[in-house]
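We call the chains A, B, C, D and E, going by the order they appear; numbering starts again at 1 in every chain.
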């Protein structure tokens, strides 16, 4: 059974590897960011499968943290462009 | 091998299939919007199936709750990230905006 | 099967690191670096170190990503066009020689290497803790942890010095225009706080602990700040400063009082409550320091202009 | 080949790649990223040692060392990035070569 | 109690970070006084009672972390306390007026953290602990180097910091190799373990490489001159007199306490010797052709660091234990006298800059008339750097030359002979320009009494330490926790 999960994890890791092509090819920064997003959810799945395959339940916490925090980089990406600053001035309230 | 394990395998395979679809979409689709679309949908579904597959073999209730929580958080995270990227693209495609690909 | 997995992770790590160096765009390099963090997290998982995996997931995916993206946003220029990196032959040869020498000696590591695991294992009952990594961090080698908190504090003071800041006043960002930006914060923030607390609680007997919890809480703070909330700037200047040095000074007080009472620095009664108290102080201070590092680095006046 | 051998050699390679990148890349942001690659290599080496240990459990000491190291690396990275930003603001450049003149005066 | 030397600076740093800015300097000065007193007290204890080894947290090494206080630690602690106290005294007035005033609030917490880090480094007995302390020192030193806030100092600080971080990472990798070989982090246990084979070879290489990057030995010296010359005067003094000595201290600790893998050390020591001789000549030559006073002093650091590394080939090639001991003592003497003299020079240069507004040699006309005491300080410190009797520098260079000649390695003698001549040349270059009298010189500002005095005292100490040579030799020869041929004493 564990071998199966490991195989699945391997398969997902290969998926990420394939997705790396998009990061390198671009052409727009958004494309690269989309690929990074793929790595976020695939990474969570890989961590979950590995946790099952290696019988270490605490890895699930790593997946949890990963799922929780990946969006931060995207937020930072969106903020740090001219658009982010232009739009921000319209709405100053939280 | 009991029924749950078989179900788990089936679900995980389904999940893997969706992930594969997402990756193929990311690589093959012609423009950013459709890539974004393919990717987010397929990946969230794939993650859902994998979580389902792992729930089948998990032993305790807290673990199941944690798995579902992970899926929900990933769902929230990736859908809003998708929105941010899409919205960002939409805005920056308007004239007078940065298209500086060498630095970004 | 395990070995194939290991090999693929290894090849990916090396490939990505090479690509980070040779990539022409900085943005691409940063996205690749985030991926590098993900693969490292997979490697930690495979190597049976959930603690490091959690920390790497939080740091690599969250904080370092934000730091690098923010800096890239601040430094982007049009003058520096795409440049191809050329490695001088001499340097390439030197690197290869270094790899061969170090790799050869790494292969000589005896297979019966046991490290300190037995020593720690035998001392575990005396420490009053159930989880060995936490025991090493907070009990056996607490001096290191103390100084590590000192490093974090020094970095904060360093950033404040470079920025000529005395407080975080004026460091708030404008709020995002879209409703989703505000909505997601409201959804995710409670989860972050709860999960941070959960990891802290877990640290006493399982992988987790002060640092992981601190990073997740710091993530919550940084998100709040990204959403336009003043975040740490709502604290009064003195309480913010006190919170920054909370962890370091807790250890300091412990060191001084144990020197006075027990004639030996950093000893404490082997009761769980003591260690947990230190751990809680360390968590808060780690979170506050990390948020301050991110929040203090932009210069509000200059960044808005560019 | 064992898991330990694979990871320790990878660690060495990552370390050297990071060192080389630090030496050749003129851009400061990239230099700092390279420094983090080096750190990743050093951490991976320590953890592979912990994995290799023949004790009753994984050796916790290298794990604690790496946790400490990660905190230190994050602090150092953010401090260095802050300096980079400041240099960019002052000189308009993002590398260490060239003149050290202030942009303003 | 030795722990106080760690506790006092750290508590003062926290206190000075929390309280309002105008009180910070008084906290700093009080702490400096306390540290000076307790290090003198500790010196007396070690001198009479012998070395101390303390376990922290109630755990014995290798499980816990220990502190190891021997003659070497004491000498470095005393050097740091002396220079630190004088620099603190100087800084109170230096940062009180003009454009320096806004740096005052930032200076004290960083400097006290740095001081605490240095003191913990001198007591270090655990190799991973050494890494953490080194990082503490690097970050605070880089932040201090950037204190000016102008573009060139920021660049210099970042260049320094990147090298220091690369050095730390290399050092950490070396720690990994040592741990892999010996399975321990405690220096005493590591020293007792078997050490041969490629693992230890790599470890010695990595650790030495990492530390010489931080010590700015040629060819890793390029970061030093800008970083030291762009910083404010007290910071330059701290960086050149103490911070590079900190990483040099660690090299000594590792080479003489931890390692005893003879073959690897033999080859590495040859390399270090060649680099050292090159550094002496190259640094002095560069100092000679500079036109700014602080650049001359900074390049002089590059060359003076070179002398320290001549120790290594002497130690591993000379067979006679007596001359080994002589070389060892010479090296430590050189460290102390260079620390004191260089701090005095940088403080005096700070006085000149505050007085003339610039540190170009050409604009320092008539300084001897308007600032006689500062000129005298420059002269005294110069005497020590050149190695004229009766200065500490003379004792160091004399002993060095003697052990070079008896060991038969004539090529090493180039360094003290040629280096001494070049040093004399650049010191005279500085001094001669101060005596040019020029009635139309720019308006000179007055310098605070304490700023001149603290520089002068440091210069005097670097001369006078030649008279206390016996006590220092006693500490170095009888109060060591290790044997010079490698390994800890039982």
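As a convention for this text, a residue touches a chain if its C-beta (ideal position, glycine included) is under 8 Å from a C-beta of that chain, and two chains touch if they have at least 3 such contacts.
These figures come from a predicted structure and were not determined experimentally.
Least step count on the touch graph, chain A to chain D: 2.
Shared contact partners of chain A and chain B, listed by label: C. The greatest centre-to-centre gap from chain A, using C-alpha centroids, is found for E. In this view the innermost chain, defined by its CA centroid being closest to the centroid of all protein CA atoms, is D.
The chain with its Cα centroid farthest from the Cα centroid of chain D is B. No other pair of chains has as many C-beta pairs in contact as C-D.
Separation between the centroids of chain B and chain D, computed from CA atoms only, is 30 Å.
Centroid to centroid, with C-alpha atoms defining each point, chain C and chain D lie 13 Å apart. One simple way to say how far apart two chains are is to compare their mean CA positions; for chain D and chain E this gives 26 Å. Note on chain placement: the centre of chain A and the centre of chain C lie 18 Å apart, centres being C-alpha means. Residues of chain C in contact with two or more other chains: 2, 9, 25-27, 44, 46, 48, 56, 63, 70, 72, 74, 77, 80, 102, 106, 109, 113-116, 120, 141, 144, 148, 151, 154-155, 158, 162, 178, 181, 184, 188, 191. The set of chain D residues touching two or more other chains comprises 15, 18-19, 45, 49, 61-62, 65, 68, 72, 75-76, 79, 83-84, 86.
Looking at chain B, residues 69, 73, 77, 80, 84, 87, 101, 104 sit in touch with two or more other chains. Pairwise, the chains that make contact are A-B, A-C, B-C, C-D, C-E, D-E. Of all residues in chain B, only 69, 73, 76-77, 80, 83-84, 87, 100-104 touch chain C in the complex they form. Of all residues in chain B, only 1, 5, 9, 12-13, 15-16, 19-20, 22-23, 26-27, 32, 35-36, 39-40, 43-44, 46-47, 50-51, 54, 57, 63, 66-67, 69-70, 73-74, 77-78, 80-82, 84-85, 87-89, 91-92, 97-98, 101, 104 touch chain A in the complex they form. Contact residues on chain A toward chain C in their complex (touch as defined above): 3, 6-7, 9-10, 13-14, 16-17, 20, 23-24, 26, 29, 32-33, 35-36, 39-40, 43, 46-47, 50-51, 54, 56, 58-59, 61-66, 68-73, 75-81, 84-85, 87-94. Taken together, the chain C residues at the contact with chain A in this complex read 1-2, 4-5, 8-9, 12, 16, 19, 23, 25, 27-28, 31-32, 34-35, 38-39, 41-42, 44-46, 48, 50, 53-54, 56-58, 61-63, 65-66, 69-70, 72-74, 173-178, 181-182, 184, 188, 191-192, 195, 199, 202, 206-208, 212, 215-216, 219, 222-223, 226-229, 304. Contacts from chain D toward chain E in the complex involve residues 15, 18-19, 22, 28, 31-32, 35, 38-39, 41-42, 45-46, 49, 61-62, 65, 68-69, 72, 75-76, 79-80, 83-84, 86-87, 90-91, 96, 100-103.
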